[in-house]
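Chains here go by letter, A, B and C, matching the order in which they are written, and residues are numbered from 1 within each.
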Amino acid sequence: MDIEGNLNLIGYGLAAIGPGIGVGLIFGLGVQAIARQPEARGMLQGQMLIGFALTEVLALIGLVLAFVL
Amino acid sequence: MDIEGNLNLIGYGLAAIGPGIGVGLIFGLGVQAIARQPEARGMLQGQMLIGFALTEVLALIGLVLAFVL
Amino acid sequence: MDIEGNLNLIGYGLAAIGPGIGVGLIFGLGVQAIARQPEARGMLQGQMLIGFALTEVLALIGLVLAFVL
């Protein structure tokens, strides 16, 4: 066997699956919400950014752990 | 073999898949609900935050376990 | 057994799953939003590009980590 590499990157890769889909859902559905109520665009964008931050942080925790663990 | 890394990070990564998708669903669909009923925004936001907290905690448990185990 | 390879590529592959689906959701749902409000096309496109960048970066982090770790 000649296997190289770092298990931590597998951990990061797994941690990025959920946020990757989640952020896509937020912006995909969010763009549809803006198309329905263009006059509420600013408020809807704020909601999307909060959701984005709360979702993306799960992947960033994995990124930090890849260096810490 | 020259493998490095920590299996705990793989565990965290798996634990983050579901919450990543789940929080994305809550905020994506929640933004659409707010666009449909903008006057009920405060109440809808409260529901979204409850759902977010209950979903995100699953990943944070994985984060704690990565250090405890 | 004569198994070769680098675990880092498995990690990158996993990191590409979520953004792959997420960017697909953004552009798929975004195209529907533009079809509903063609006159708001420029603004909706801007939203889609922001979402795309924030999602794609998760896979690119995995690409960088494959060389760093």
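Here, contacts are C-beta pairs under 8 Å (C-beta built on N, C-alpha and C of every residue); 3 or more make two chains touch, one makes a residue touch a chain.
Predicted model, so just to flag it, every value in this text is computed and none were measured.
**Q** Upon optimal superposition of chain A on chain C over Cα atoms, what rotation angle is obtained, reported to the nearest 5 degrees?
**A** Rounded to 5 degrees, the superposing rotation is 35 degrees.
**Q** Which chain is in the middle, if each chain's centre is the mean of its C-alpha atoms?
**A** Measuring from the global C-alpha mean, the nearest chain centre belongs to A.
**Q** Which integer distance in Å separates the CA centroid of chain A from that of chain C?
**A** Between these chains, centre-to-centre, one finds 10 Å.
**Q** Find the geometric centre of each of chain B and chain C from their Cα atoms only, then give the gap between the two centres in Å, rounded to an integer.
**A** Their C-alpha centroids are separated by 18 Å.
**Q** Indicate the residues of chain A shared as contacts by at least two other chains.
**A** 1-14, 16-30, 32, 34, 36, 52, 59, 66
**Q** Provide the residue numbers of chain C that touch chain A in the complex, in ascending order.
**A** Those residues of chain C that touch chain A are 1-30, 32-34, 36-37, 40, 43-44, 47-48, 50-52, 54-55, 58-59, 61-62, 65-66, 69.
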